[in-house]
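Note that subunit A is present in both complexes that follow, paired respectively with subunit B and with subunit C.
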Partner chain A sequence: MSTDTKSAEKAKLAHECWSCGAMRAAHFCESCGRVQPPVPTDYFSFFGLPRKLNIDPKQLEREFYAMSRKLHPDLFVRAVDQEQSWSLEKSSQLNDAYRTLKDPVTRTEYLLKLEGVNLEEQSKTATETARAAGTQKKQMVPPDLLEEVFELNMQLEEARMNKKMGEDDPSLKTELADTRRRLDGKFNALAAELQRDWDEWDAVIARAESGEIVDTERTAVRDKMVDLVNRRSYIRNLVRDLNEVLGN
Partner chain B sequence: MAYSDKVLDHYTNPRNVGSLDKASAEVGTGLVGAPECGDVMKLQIKVNPETKIIEDAKFKTFGCGSAIASSSLATEWVKGKTVDEALEIKNTDIVKELSLPPVKIHCSVLAEDAIRAAIGDWKKKQQDEA
Partner chain C sequence: MAERVVGIDLGTTNSLVAYMDGNHPVIIPGEDGVNLVPSVVALDANGQVIVGNSARKFLIETADRAVYSVKRLMGRGKEDVRDELKLFPFRLAEDLADGEVLRIKLADKSYTPPEISAYVLRQLKHNAERFFGSPVKQAVVTVPAYFNDAQRQATKDAGRIAGLDVLRLVNEPTAASLAYGLDKRKNGTIAVYDLGGGTFDISILKLNDGIFEVIATNGDTHLGGDDIDNLLIAIALDDIQGDMGLDLRRNGEAVQRIRKAVIDAKIALSSSEKTVIAVELPGGKLYQREITREAFEGIVRPVVDRTVEPCRQAMKDAGLTPDQIDEAVLVGGSTRIPLVRQLVRDLFQREPHCELNSDEVVALGAAVQANILGGGSQATQDMLLLDVTPLSLGIEALGGVVAKIIHRNSTIPASATEHFTTGVEGQTNVAIHVLQGERELAKDCRSLARFDLKGIPPMPAGLPRIEVKFLIDANGILQVSAREQRSGKQAEIQVQPSYGLTDEQVENMILESFDYAEQDLAQRQVIEARNEAETILTALEKGRSNQAWQHLTDDERKIIEILEAEVREVKEGQDFQAIRGAIDALNQATMRLAELMMDSAVSSALKGKTMESADMGEGPVAPHPIGKAEFK
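Take a look at the complex of A and B:
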């Protein structure tokens, strides 16, 4: 079979209902309503959404419930085997997709992964490059944040030690409580920053959709979000540790 | 996840924990972090100005057992080496020595980064002096 016929076959499989032969919508045949076989897809496409970050949560929830009802495996107990297992597989895909897109941060992290961001892999490659070139690797986290994280961890260690020994250091506790307030503020400010990045990202995607070449801008906004997500996870962990030491 | 015996050994009995005088011209300090897991690692070296041999090394790491073991091992390895020899240490050497599983490779990367950052800081001090 030539490549042409192969891809034509594939296109046919992807768009034609397996049961009645009519063209189908993404998950069900528009004509006969049968469940269609699962195809490898990202979570945005699963919901028929463009790869944009501003998503109406109410709309997403409605879509989720509507699709859950239609795909529920209980509806397919009397269906042919393949449709039964497809509905099961798609239901679980649907749950994963919804869980991931529902939360603003997991949605952002997921998009970054789709856009080829792999922090561990990139960190390793950057180290190897620095080693080969004899240069300094640029750390992914700003140095002053690292310094702050380190110092705070030292204080937390001291506070834990005090607790263990039954000793009390009110001034340290006061200082940690102040730090917690400051970090809470920083953490909350990140939500507004993330929203600005989202708007920027969506504008870039809109331009890409209209045929513009926006590769540079796309990478720039992407990397801005990587930086934000990194800072966020440090601050989140610090607040978590502070809560553990200070009590809520 | 089960840690290897060598990781456990370094974790329960870490070598060279502590700090050196950051302001000293003979001391280089590297502070690095892995945002995915929130680890921070500080590694310091004290270099003999004549021989360029690393005479002392200290570390302090906040992170998982593998991160602590990797930095502990790194301080052991750099001690007695010249600065140039220490730059030869690869993260994969640490992975092998500690039998780190794939999910913990980033800990070894962090340790190599810390060595290089400390040496970089020391080198910068030498240039500033000159």
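Take a look at the complex of A and C:
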């Protein structure tokens, strides 16, 4: 086993298959088909994709199936331990990558993370952790929602109070239901906006690929998307709070 | 030849073992010729462990020596099973410490659930070994899709204790879809509704050119036919108390008799409109109650209805509406109940499939997966199973909230990497509490384990950066590894499983290895077959010098000679079944020779000759099968 590990180390450096020494491919040797040791890689590269946001879901699924047929641990039950654990690690990478890229929103968030943005602060977990710890979470209220949120938070507080006391305020409920409908509409409109940002981002990347310096544009689109993702999760949290009060 | 891998359905009520015979999965029957091995384990008066049908009679006669439905206790703690104990006659050992794996009393001994399951597995292993005439060491074992990490680990431990290398745990509904998918080879979405003896699962799969991709799964690991039985038993006990003034609740034997009677009635009501629950009670009194299907359905509807919400949730998670489901499949004995079928019909708006025996389909599917893992065959060459984790994995964060790191219905293997640091200067340990479940607070989720990261180099608070990798493998079982990134040191992890046996405990439980016995068995079978071959060859030699030989046609003699050569050849090999096959063929071919010899012996006898001089061999009767002319 230790020779395997050593030759694997060497192969990693030499870009050679650890088993037959031929040219190495990203995941399996093109010559002997053996699975190659996992290397740290981002999810786009794992699929051999450029860092662009428009991805054909059918094509991605085909790739996912094709790679699963080669990497899944079921195929390595009788292989040596080292290969078994490589296949386990690589197929988990494959599944993680597919799951992340399949969904438009997680795909966007993942790309932003790769671009150095910390979205943690916006996550539900962060909200809950802050809530449980009794601290105020840093979160920027989207400017166009500022007024509405202020009003809404007071109404939510009142509704929660009512609920606790067993009181009923039908007009408040109607108002909250209206707000929920409006927020749902805003939320759904974000999909079209996201598509526009994607197209813009992909165009910038295409220019970068052809050698242009596009740093300013790149940062600009990135920040637009950060803003969009933040607004999206902000609205989602509001809708969740409304659902808690109103029921689904 | 590669080692044989069998497929095992380790059920709450019954267990089965199957293998792939060419392109078709086949159930391996037990010694009694029956496919189902009841998951009942008993300890007889001599301290001998008895499994299956023969253990069932202990349930009634000496209930304290037998246990059933132990699957309900796998991977669970004392506080989890309180409700279970009210309904099932499990006798826990009195000296259980908090956090200790449960132990169940059988007579004066006590066993953990994995050990009891191991006895069932060992029985299935033996059945397979008897069938093949060679040792079986590797298996695929099925588990309910909704089993959590601890329940899966407990099942894997049971395999190890039984001397089986469990190559893969496969989810029961997924296994069933493999059995169905083998012949159909269609693309589309299917919903598998699996209501067994003690567990309920719903899985929604997408089939795509041989890839079986589970998109969503849900269920309840404590919902099944047992719950229906318990409702009926409760009614019968009330009746008996009301009508006869007899309180039999504490009478194990009586309860077992009633259980058997209500199960019979339940089964009868799947095909007839009414039946009678009839039990002979201790003291000879007879309890009888007529029950119509309508009344039965009224009683059990609350149990059956509990399957609706998991189905809805699974469809929601899959992002599908009922009209987008192409097929629905029924699995598990409880889906024979007409009410259940109606519910599935309504839920998925189509007639569900039930062509394959719903008791056997999971084991058949396990055999298909076993075949895939064993290298595949023509029938399975394009098949691949992509399953999901049924429950979200999370870690306890500040304030007792759970931060989810791998969401439910993620395709497995799946992984997540988290970073941890220290809060105090010089701190060298970090504790991580890992949980499974969908609830927001740690106290409402299932605790899996506490990981203690040790050996962190002393540094100012917040400086160490410990990277912890959580990986759910293809069995749905969690693996954790950690590394301190600044020092690059592999951090030491001490695992305190919340509900499970340690490696060392499992090691000590491993049932006395039967490897030698198995080897002996295989050897003995070869030797016996060879002896038989020798006998028939010797007898044939004698037959050749008999005048009867001359009465055979040239063709008959030629065939005998070919088959004789065959026996001589295969008897040198190790395959006892081949030897027996060749012997049988030769036996058939020499049938007429034997008859002729018999005739001549009889006529010689009539002519006043003694048997011995009739040139017939040693014995007083005609030697056929030729090998029978053997007297000791």
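Keep in mind that, in the parts below, the second predicted complex is superposed on the first by the 207 of 248 C-alpha atoms of A that agree within 3 Å, B and C clash if a C-alpha of one lies under 4 Å from a C-alpha of the other, contacts with A are read in each partner's own complex, and residues count from 1 in each chain.
We adopt the following convention: a residue touches a chain if its C-beta (ideal position, glycine included) is under 8 Å from a C-beta of that chain, and two chains touch if they have at least 3 such contacts.
These numbers were taken from a predicted model, which means no experiment stands behind them.
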Inset, instruction - In the overlay, answer first, second, both or neither for which of subunit B and subunit C A:V105 touches. - result: neither
Inset, instruction - Classify the contacts of A:L172 with the two partner chains as first (subunit B alone), second (subunit C alone), both, or neither. - result: neither
Legend entry - Contacts of A:L119 with subunit B and subunit C, given as first, second, both or neither: first
Inset, instruction - Once the structures are superposed on A, label A:N153 by its partner contacts, choosing first (subunit B), second (subunit C), both or neither. - result: first
Inset, instruction - Determine, under the contact definition given at the top, whether A:A203 touches first (subunit B), second (subunit C), both, or neither. - result: neither
Inset, instruction - Could you tell me if A:P73 is touching subunit B, subunit C, both of them or neither one (first, second, both, neither)? - result: second
Inset, instruction - Return first, second, both or neither, reflecting whether A:S233 touches subunit B, subunit C, both chains, or no partner chain. - result: first
Legend entry - Overlap of the subunit B and subunit C footprints on subunit A, listed as residue numbers: 134
Legend entry - Residues of subunit B that touch subunit A when the two form their complex: 31-36, 38, 40, 42, 60, 62, 87, 90-91, 105-106, 109, 112-113, 116-117, 120
Legend entry - Residue ranges of subunit A in contact with subunit C within the complex: 65, 68-69, 72-74, 77-78, 88-89, 91-93, 95-96, 98-99, 125, 128-129, 132-134
Inset, instruction - Enumerate the contact residues on subunit C facing subunit A in the complex. - result: 2, 167-168, 208-209, 211, 369, 372-375, 384-386, 397-401, 403-404, 410-416, 440, 471-474
Legend entry - In the complex, subunit A residues that touch subunit B: 119-120, 123-124, 127, 130-131, 134, 136-137, 139-141, 143, 146-147, 149-150, 153-154, 157, 229-231, 233-234, 237
